[in-house]
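Down below are the structures I want you to see.
First subunit A sits with subunit B, and in the next complex the same chain sits with subunit C.
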Partner chain A sequence: CRVSSDGKPEKFQPPPKPVIIDKQKQREERRFLSPEFIPPRGRTDPFKYYIERKDMIQRRRVFNIPEFYVGHVLAVTTADPYASEKSSRFVGICIQRGGKGLGATFVLRNVIEDQGVEICYELYNPRIQAIEVLKLEKRLDDNLMYLRDALPEYSTFDVNMKPVSRLDDEEVPVNKLQVRMKPKPWSKRWERPKYNIKGIKFELPESKMKEAQKWSQPWLEFDMMREYDTSKLEDKIWREVSEGLKN
Partner chain B sequence: MMPIWTKSGKKHAVTLLKVQDCHVLRYISKEESGGKTSKLLVGGKNASPFFKSESAMEIFKEAGVPRKQKVSTFNVTDDAIIKPGTPLYAAHFRPGQFVDVTAKTIGKGFQGVMKRWGFKGQPASHGQTKTHRRPGAISTNKAAKVYPGKKMPGKMGNIYRTSYGLKVWRINTKHDIIYVNGSVPGHTNCLVKVKDSQLPTCKDCNKNPPFPTFFADGDEKLPEDLYDDEVFQFTDPSVTYA
Partner chain C sequence: RSVSHPHLPFILSLLALSFSPASVTGACRAIQKLTRVRVVDNSALGNTPYHRPPKCIHVYNKTGVGKVGDKILLAIKGEKKKALIVGHKMPGPTMTPRFDSNNVVLIEDNGNPTGTRIKTPIPYILRQRGEFSKVLAIARNFV
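This part shows the complex of A and B:
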């Protein structure tokens, strides 16, 4: 024990208590349920969605579909009867995830030799042989269709890009990139509030931005008929899917 | 409706039909019905017995079966007669056979001639006065009358229509679901009548059908899912072209 300058032994100081960060518990709290599992609002029997989910879980057991969001850079290899090696690989940024159930799709965009190319793949198509996530980053929007009117540098990704290494962290990083656009006219009027885009650096004059706000519909967020609370459904479906994938 | 993929990688759209509490209700012999073949009355989904008269409930009491929402007739040959009261299952059909599906189409109400019959109507501008979706002329001068059956506005939909020659891709025996190719008339969750196809090209498609029907208490134990030969099953690895 330490001896102070007095020569007498100091009062025993217990060491500070170690802070145990239970990483397993933290990992369990994060759940990701792919958006195509959540059934849309309609008059179809929920039993049909249950049957479809059984098929989807069966396919996921055999073929690994990684967790990905809009804004990730993916590489997809499909079986192609007309290609020389019977398989074709496409690398691109995911700009949109659509469809529910077995027909769920995602659109990958890339610019190859100055030509923008978008390919819409079906997640559960048996011809897909591999889906690799090359770069993980979420963007500020759910729908990156505005990349068609942005400068091509924002959609170009190297075809032989190596997967960016990433620890098994909890959070998926959000890229707050503000994209610069080509001069107007655009394919859609992205400045209008109905698209609610946060990821564009609008270089339009103030008068145009104010004019675009004329089309805003501020009552929509208070509309009770449009509310669709999926929390309980998601819980149930998450439990079902994790049970099915455990085996 | 769902997608289904074949082993060659092609995608087909498929409608799911559920066989819900079907029972045979009555046998009507050839002489009694006055037709060419004898008939079997089959009842569909269970419904409440309280809102029907006693005379209507007689058929169900005879067969010993709860009241059904829909009763339909099937023309049957004499060797395919089934005892009234037997339940019918989805395993009555096999994958690879062709089927006709009849149902009441979605009712659209009173509709004009352009939606109902596909008439072209008139141009939107260039001087048309109050005439953009009207039928125009309805008959000639010489006829001096309008022919019966002239296409005119009226109530559209809510009539029985059949789609013929639909292939059965898959059958789920546990939940009694038939996966039928293409679309089927009627709205979601409507009652539908499924028959073996009467098209001449589909006569020899069904090689070993369960005859007269599939009996659940019999010796045959079927797997939960029956697939057609060409259907890609999700237990297999991804499709590759050699």
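This part shows the complex of A and C:
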């Protein structure tokens, strides 16, 4: 047996325990609840939202709506009676997700033959036959409407793009791209703090940026009447939704 | 004469005088009298530069507002010409495309298109009315 430098027998040190990282548990912890499930603030009876959620879960059981955020590149195939082969496919970047409940919509934008096209799709419309996520990428903002005033290269996506392969890992990567804009005038004054846009590379002079700050409302983030805590609601709805989808 | 900025299109790209409007309103109603439009086919009338952009002077509709599929009267190069609206900036019903510029295809009185090719994408909704089959036949891309 081992002998230490003193000459006495050393106490047995057991080897360190191996740390088992259970990847399945990590995946379950990371849960995504689509934003249209969360009911808006108001005085409507929650029963209305409960019935809507039941219908949404029913639709999701038949048709898979993948998890996607603003900034993802999606390909949507819809049934169209006036199209050849009765179905049409559109590829674009999601610039906005709006609406709650069954009327939830998302807007896809693409530039085809130098012409910018945007289509507002309804998530739960039965005409939609397939939604594929081609590129997973979150952006710095929730609303990419400023892409209308940005150079067209930032909104062009190849129609025959292959889906970018991705492991079913943890986080969705955030693309910290700063977009360059066309010369002013823009459709909205994106430099103003009300839009809180971080994804634009403003090449405006300092004086203009300072003037835009005049419209800032720094008291808004401390306004207690505007607080809407959705954590408990989200937990409850998540449990409902995951149970409904398991069957 | 390639269109780079749909905001102030043909105006800035013309060789002669350049007019920059003092203010450009966003899309209010789709296409009505005096809206500047963009001709998307390859007809000579629509593509030769002129110091004034083509403007709508009448909409053949009960309301004076033209949407996709409506016929309008254009004033191009000092002449009157009928045209068909194939896309506008105003958002329409969901699942229909919204374009970044007001697109128009020149047409004769009997409905035949003046040009021979349309490169810009055309919405599928136009197939609903049978009178535009000749225009759709020369279109290349659909949305």
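Please note the rule applied: the second predicted complex is superposed on the first by the 230 of 247 C-alpha atoms of A that agree within 3 Å, B and C clash if a C-alpha of one lies under 4 Å from a C-alpha of the other, contacts with A are read in each partner's own complex, and residues count from 1 in each chain.
Basically, contacts are C-beta pairs under 8 Å (C-beta built on N, C-alpha and C of every residue); 3 or more make two chains touch, one makes a residue touch a chain.
Values in this document were obtained by computation on a predicted structure and should not be read as measured data.
In the superposed pair of complexes, A:Asp55 makes contact with subunit B only, with no contact to subunit C. Of the two partner chains, subunit C is the only one that A:Thr105 touches; subunit B does not reach it. In the superposition on chain A, A:Lys86 makes contact with subunit B only, not with subunit C.
Judged by the touch definition given at the top, the superposed model places A:Arg148 against subunit C, while subunit B stays out of reach. Contacts of A:Ser231 after superposition: neither subunit B nor subunit C is touched.
After overlaying the two complexes on the shared chain, residue contacts for A:Phe63 are found with subunit B alone; subunit C is out of touch.
By the touch criterion stated above, A:Arg127 is placed in contact with subunit B and with subunit C alike. Legend: residue contacts after superposition of the two complexes on their common chain; A:Glu113 is shown touching subunit C, with no touch to subunit B. Residues 80, 122, 125, 127 of subunit A lie in contact with subunit B in one complex and with subunit C in the other. Every residue of subunit A that touches subunit B in the complex is listed here, in rising order: 42-45, 47-48, 51-52, 55, 58-59, 62-63, 79-81, 86-87, 101-103, 122, 124-129. On the subunit A side of its complex with subunit C, the touching residues are 78, 80, 82-83, 88, 90, 105, 112-122, 125, 127, 148, 182-183, 185, 187. Considering their complex, residues 2-3, 5-7, 23-24, 26, 40, 87, 91, 94-101, 103, 119-121, 124-128, 141-143 of subunit C touch subunit A. Those residues of subunit B whose C-beta lies close enough to touch subunit A in the complex are 2-3, 5, 9, 11, 16, 18, 172, 175, 177, 188-189, 232, 234-242.
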